[in-house]
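Chain nomenclature is as follows: A, B, C and D, assigned in order of appearance, with residue numbering initiated at 1 for each chain independently.
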Amino acid sequence: MIDKVLAKPLLKLTDVSLQIHGTPILKRINLELLAGKVLGIIGESGSGKSMTAFSILQLLPEGSDLSGVIEFDGHTLTDMQETRLCELRGNAIGMVFQEPMTALNPVQSIGQQVAESIRLHQAVSKKMAWQQAAVVLERVGLPNDEFPLSRFPHELSGGQRQRVVIAIAVALKPQLLIADEPTTALDVTTQSEILHLLKKLVQEENMALIFITHDLAVVADVADDIAIMRDGEVLESGSTERVFRELSHPYSQALLGASLHVPERISASIAPAPLLDVKDLVCEYPMPRQRLFGLKPVFRAVNKISFTIAPGESVGLVGESGCGKSTLSRALLGILPVQGGRVMLAGHSIHTSQALTHEVRRKMQVVFQDPYSSFNPRHKVARLIAEPLFVLQQTPTRAQQKTMVLESLQRVGLEAQDADKYIHEFSGGQRQRIAIARAIINKPELIVLDEAVSALDVSVRAQILDLLAALANDHGLSYLFISHDLSVVRNITDRVLVMQHGEIVERGDTKTVFDSPQNSYTRALLAAVPRLSDSIAAQAAGFK
Amino acid sequence: MKSINIIPAAIAVLLLTSGAHAAKTDLVLGMQLEPPNLDPTGGAAAAIDEIVYANIFEGLTQFGADGSVNPALAESWEISEDGKRYTFTLQSGVKFHDGSAMDSEDVKFSLDRAGAEDSTNAQKQLFANIESVEVVDAQTVALNLKAADGNMLFNLAWGDAVIVAPETIGTAVTSPVGTGPFKFSNWVQGDQIVIEKNPDYWGEPVKLEKATFKFISEPTAAFAAIMAGDVDAFPVYPAPENLAQLEADPRFSVVLGSTEGETILSTNNKQAPLDDVRVRQAIAHAIDRSAIIDGAMFGYGTPIGSHFAPHNPAYVDLTAKSEYDPQKSKALLKEAGLEDGFTTTLKLPPPAYARRGGEIIASQLREVGINVEISNLEWAQWLEQVFKGKDYGLTIVSHTEPMDIGIYANPEYYFQYDNADFRALIENFNAESDPDKRMTLLKDAQTIIADDYVNGYLFQLAKTGVASSKLKGLWPNSPTQANDLTGVYWED
Amino acid sequence: MKLRNILPGTLLVFLFFSAALISYLWTPFDVALIDIKARFKSPDTINWLGTDHFGRDMLSMLMVGARTSIAVAIVAVGIGMLFGVPLGLTAAAKRGSWLDELIMRANDLVFAFPALLIAIMITAVYGPGAVNAIIAIGIFNIPVFARLSRGAALSIWKRDFIQAAKVSGKGAVRISSEHILPNITNLLIVQGTIQFSLGILAEAGLSFVGLGTQPPIPSWGRMLADSQTLIYTEPQLALYPGLAIVLTVLGLNLLGDGLRDWLDPRLRHDR
Amino acid sequence: MIHYLFKRCLILLATLIVASLVVFVTIEVVPGDPASFMLGLNAQPDTVNALRAELGLDQSRLQRYLSWAGGLLKGDFGISYTYRTPVVDMVRDRLGVSLPLAMYALLLSVLIAFPAGVLAASRRGGVGDTAIMGVTQLGLAIPNFWFAMLLVLLFAIKLTWFSAGGFPGWDSGFFVAMKSLTLPAIALALPQASILTRVMRSSLLDVLNEDFMRTARAKGLSKRAALWKHALRNAMIPVLTILGLQFSFLLAGAIIIENVFFLPGLGRLIFQSIASRDLIVVESVVMLLVFAVVLVTFMVDLAYAWVDPRLRGAR
């Protein structure tokens, strides 16, 4: 408390407002950060948290109009000329971005890219810079014997690339490091690794860190101070424990509530006959030939998987990207050929030689992850929702269709007049509702939810989860809930399957799996998940 | 300003080095068509003769600038009483460009070869009448004819009858070896052919050291080339529309002359309704020659009323027989039962006289109710469809062979004009050797085809040459397709 | 701002299209009428743009010429779309299959031929004329549209709503027509205008070398060819048709770019 | 990579074979008989037949195709009907004009397009950008033969700085030869440069929007430095594609320009040969051009790999 009064802040934003092409993005932002401290900025998409970061770096898109004062280490960044700024960027202030896949120049080796930022700010020989680069990469966990400097980005995984980005940012031991959603695009396990790396670096170099995220849990145990943003405003800021203790602003409470949210659902009474019965399912992809002649090698994405889903049951399928869960879902939906095993839906085989009978198709529907690519932008909502009706033997009349559409619209909590709108007029959350409306119009018995809420902000996600729970309760729907996010699965499924390398490594009641995981991988997964409740407890207890 | 001045200077240097300002003993001649090869006894293309005739190759006799037939490799000859044996005395000391001597053996070889069964000579019929070629001695050769032939000396003057050497004829297509005052030097295919002075020429040596024939097919390019000084002369300038302007320019002189090219609206005499003489006459009267000569040739060209060159002493002006009279032609069509006109085809070869003239004629015929469908053809297509296939109604073409009225005696010819009297007349003419009688026969011939309105007779193609005003000695006329450079020199 | 991009193009295109359309009903003078005495008239109240080397009214010639060029280009582009788009969609629907391979190789083959030469050969085979010019130009439009629609379709096929459609039991044909086609029309329209302008240039080129439209039907290309030798004495004869071509093509290109921005900003950089 | 190359070579070969068939068939149906064309109006039928025999035109189509295609493999293009010289020699002479001309034009268009494109992209929406885009629009719209006419009118006839056309040949000196190709090259380059500029610009703009450009800026690179060091190379792929297309276009597509400047190039050779029904020349030269195009596309593909490491590995 006291040192804050004495010490001069490293970074100080005073009444910073930003407009881009006239539309206000930031409204009178005031923030302070002391050297060596960690500031967490939390907000959902569109809250302006990223733009705050870019304002600090003075890297704003065309048509930006920034007012207010940003002071850094005694200089005023807001009226500094470009050349001086270039000297600061990457040198005194480093930045890490959200999307590691695209943050690196694909045509330059990682060594080049790290060395470049060194040579930019230090008068050192190519050779010297190269050596330093090697050192830095070591420190971010890319040992040179495994990852020579000559590697190109496309030869690295997402997590490894993020490490390179970090290496570029910290190469010159900046006083301030800005991390903009550095882990959002990554799997849970990688996420925690990167988090640890950042913590380590910050402590070792005594850097100040601005950590921007949408996920309270991620920052809770990292940040000294926290700022919660919405619509370009800082709703509340202060030391982490205070913020969590008081949570004066209703939105913050909502935010916190949402991320701890548990939808109410009555778990189904398990019926004997399974609705979905998967036996020894195998899916393979051909890969490009290695040698001139000889067969194309195949990649086995799904390897002899068996499981069942009872009517009214909700099953979670958890695994990290590339574990084959999407392949599995498409195979179940019958839109991907399988190389072995069988899938029975209500007693009918999905992968019969002849085309799927309408009756079977009707029983199963799907909701996809990306609310933006899930709809044909050229069609009106009514037509979008009505699409599954195509499978019915006798397609219903216009009138019937209309009523069915309106019905399912209401059931997902949308208005009747929404039927005549185009998809781009809706927000992400609303779109997922429409997706669900499309899924339930045929009164199916099983809905495959492929990362259905992963792309949504926490508050919206909570609403959608409630909706799904309600639908399940009302109509005894079964869900196959595919997700990489364990916290989601935990709150809405009866049973959970953990998937790795195309195989199911652990299965069982959600509760038991979460409380006493048997498989090592499962444990790793669970360990990696930042638990908000824990960190709050920690904060409250006043120690970290 | 300075920087701008530098550029032309630099260019000027380039120009000098590029030798665009030619030394005054060499000459760049523009030609529209490039010869396919350089063997005048093997190919028909006029372009061949236009380069080699009288320059590289010579015949026993040779055309003069006025169309007269003069001695060449034959210094003199005698004709037997019955007119069936021609004895030629050859020039002495004539050498081919490869140094070998030219003697009567070469003459025999050349003429036999040209007339042989498998000969690919385009004017074979010229030699059809030759019974045998007889070597009397090295300097004397005799021709025995099947029948008396007044045309023989004339025939032997053709480019297709030049004397070649057996040992070099194989390569004549690309590097001709003749006896002429120039010898072949170099051929950049698609661009130019160069010939240079033959130092040991048997006759009077030529004044030019070197002559370049540059091939420029596009009329625009031709104009540009002459204006830019890339070319010293265009013996046959392809774009009459520019002549007025060029004439006004002191740097150039425009040489107007006559050609053997009767430009006619060839008519398919076997295709209805054109097989009706009244219809053909109607067409003749519907055509306004002056408009065509103005519109297509910009005034250059002499109206003709029959298939005969006006500059020929035997010429009779028959244009009155087919003067411009739309009313009359309408009447004739009515008479032929075609008062509401008819439709026929007009197939046009590439030259401007045909394409432009065609459009004009089409609109003139439309005036009297004759509807023509124009289709533009390349030469190859024209030969295929019109000349060989006889699948046409009307076409426009210029017949550039000298004294070729004889073609009307061939019913198979593409006009398909079949008139026994005319054929008889031509036979007499060919057998006749008395000049006066020949003259009258020719006049009758002209009149017959004019009265039969075999074709629409438009105009005699003018030879519109353009040359640097300092250049002298080019042939004004072309009695045959040739650019005889023996007399050409630069005036300083 | 969008309007600013589209407006000039639209105006130019409209100008020449209307000129072409009007010429069907009315032209100041009959273009088939040749009057040698009246040739090379400079512009006056009767002949607004003067007369050509046959005494024909330039304005009328230009109007009918516009008709020819536009007609040829439109049909050529039509051919390209008619064959190209289905081919492209099929290839995309059956991506990776031998059919896809076949179609794409065939495209490469056509692309491998020097377009203008083939056009010349075609006109040499079947004789010169508008129809053959159209065919010649059209053939080379096919692969353009085939590639474009295949590429665009592939990116659409990846989208989730296609999966949803499959789950609803829809087949490749139905998906292509219901979902793919509507989503690539913008691209097609934009490319269409570009090919259109290229078509006009091509027609002009062919007519210029005498293989395009045949007399007495006027065409800009042939007007240029006819006036070639006169460019030094009667430059306006070469100027008007040249400008007509330039302005029409310019208009179409501007329109194309405008549409590109207007219809779908995401396509702004698309090539 | 090897596998990829191998596959490409197979495709290349197949393309050529099919192409040769297409070419032969298309051209053999062209009406018009070379022999009778060569012999002209007054030729006798038997003369024509004699010539046909001499040219081997009396053989069956299949025979002719096989002997022709076989010859091509051996690099023997046959003997021209009209010129009576080996087609190879003619092609060599003509290439001596067309190839330099194409390269010259391409060079010009690159020299114009690269700076212009970069400038326009970096000054996006600015005056420079608008001006450059305007000029390119015009460049795209002007028919190059018309442009060529105007060039001749101005530089050859009014100013007489350049000769109006023709090609003196390389033995008359490099500069003289190049000079005679200058106007044609300019005429050809104008539209090409316009296209290239636009492609350059748009693909640069794409790259400038990429995340890694932001990374570069965050490193402390100035706008300009980031553009040169990171954007350009990434922007090359579409540009390379267009360059490839343009080269093959320039090699063959210069027909009209060659006519306007009466240059003895490949295009004009084909044009004349079609007119004179010198079929074997047409066939051989078209095949040659097809080969050139396929080859260039192939090389462009290799260039991709050179530019973009992602393409080096598999495929």
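Please note the rule applied: a contact is a pair of C-beta atoms (placed from the backbone, for glycine too) under 8 Å apart; a residue touches a chain by one contact, two chains touch by 3 or more.
The shown structure was predicted, so the numbers you read here are calculated from the model rather than taken from an experiment.
Any chain that touches chain A and also touches chain B is listed here: C, D.
Greatest centre-to-centre distance from chain D is found for A, with centres as Cα means.
Among the inter-chain contacts, the highest number of C-beta pairs connects B-D. Chain centres here are Cα averages; for chain C and chain D they lie 22 Å apart.
Distance from the chain B centre to the chain D centre is 39 Å, each centre being the mean of its Cα atoms. Here the spacing of chain A and chain C, counted between their Cα centres, is 48 Å. Annotation: 44 Å between the Cα-based centres of chain B and chain C.
Shown for chain B are the residues in touch with two or more other chains, namely 218, 220, 227, 350, 378, 381. In chain D, the residues that reach two or more other chains under the touch definition are 31, 149, 157, 259, 274. By the definition of touch given earlier, these chain pairs are in contact: A-C, A-D, B-C, B-D, C-D.
Of all residues in chain A, those touching chain D in their complex are 57, 59, 62, 82-83, 86-91, 94-95, 97, 99, 102-108, 116-117, 120-121, 152, 154, 165, 168-169, 288-292. The part of chain D that touches chain A in the complex is made up of residues 2-3, 6, 125, 210-212, 214-223, 229-230, 233-234, 307-310, 314-315. Of all the residues in chain D, the ones that touch chain C in their complex are 11, 14-15, 18-19, 22, 26-27, 29-31, 137-138, 140-143, 145-146, 149, 153, 157, 199, 202-203, 205-206, 238, 248-249, 251-253, 255-256, 259, 267, 270-271, 274, 282, 286, 289-290, 293-294, 297. Residue ranges of chain A in contact with chain C, taken from their complex: 330, 333-335, 355-356, 358, 361, 364-366, 368-370, 373-379, 384, 387-388, 390-391, 438.
Residues of chain C that touch chain A in their complex: 159-161, 163-170, 178-179, 182-183.
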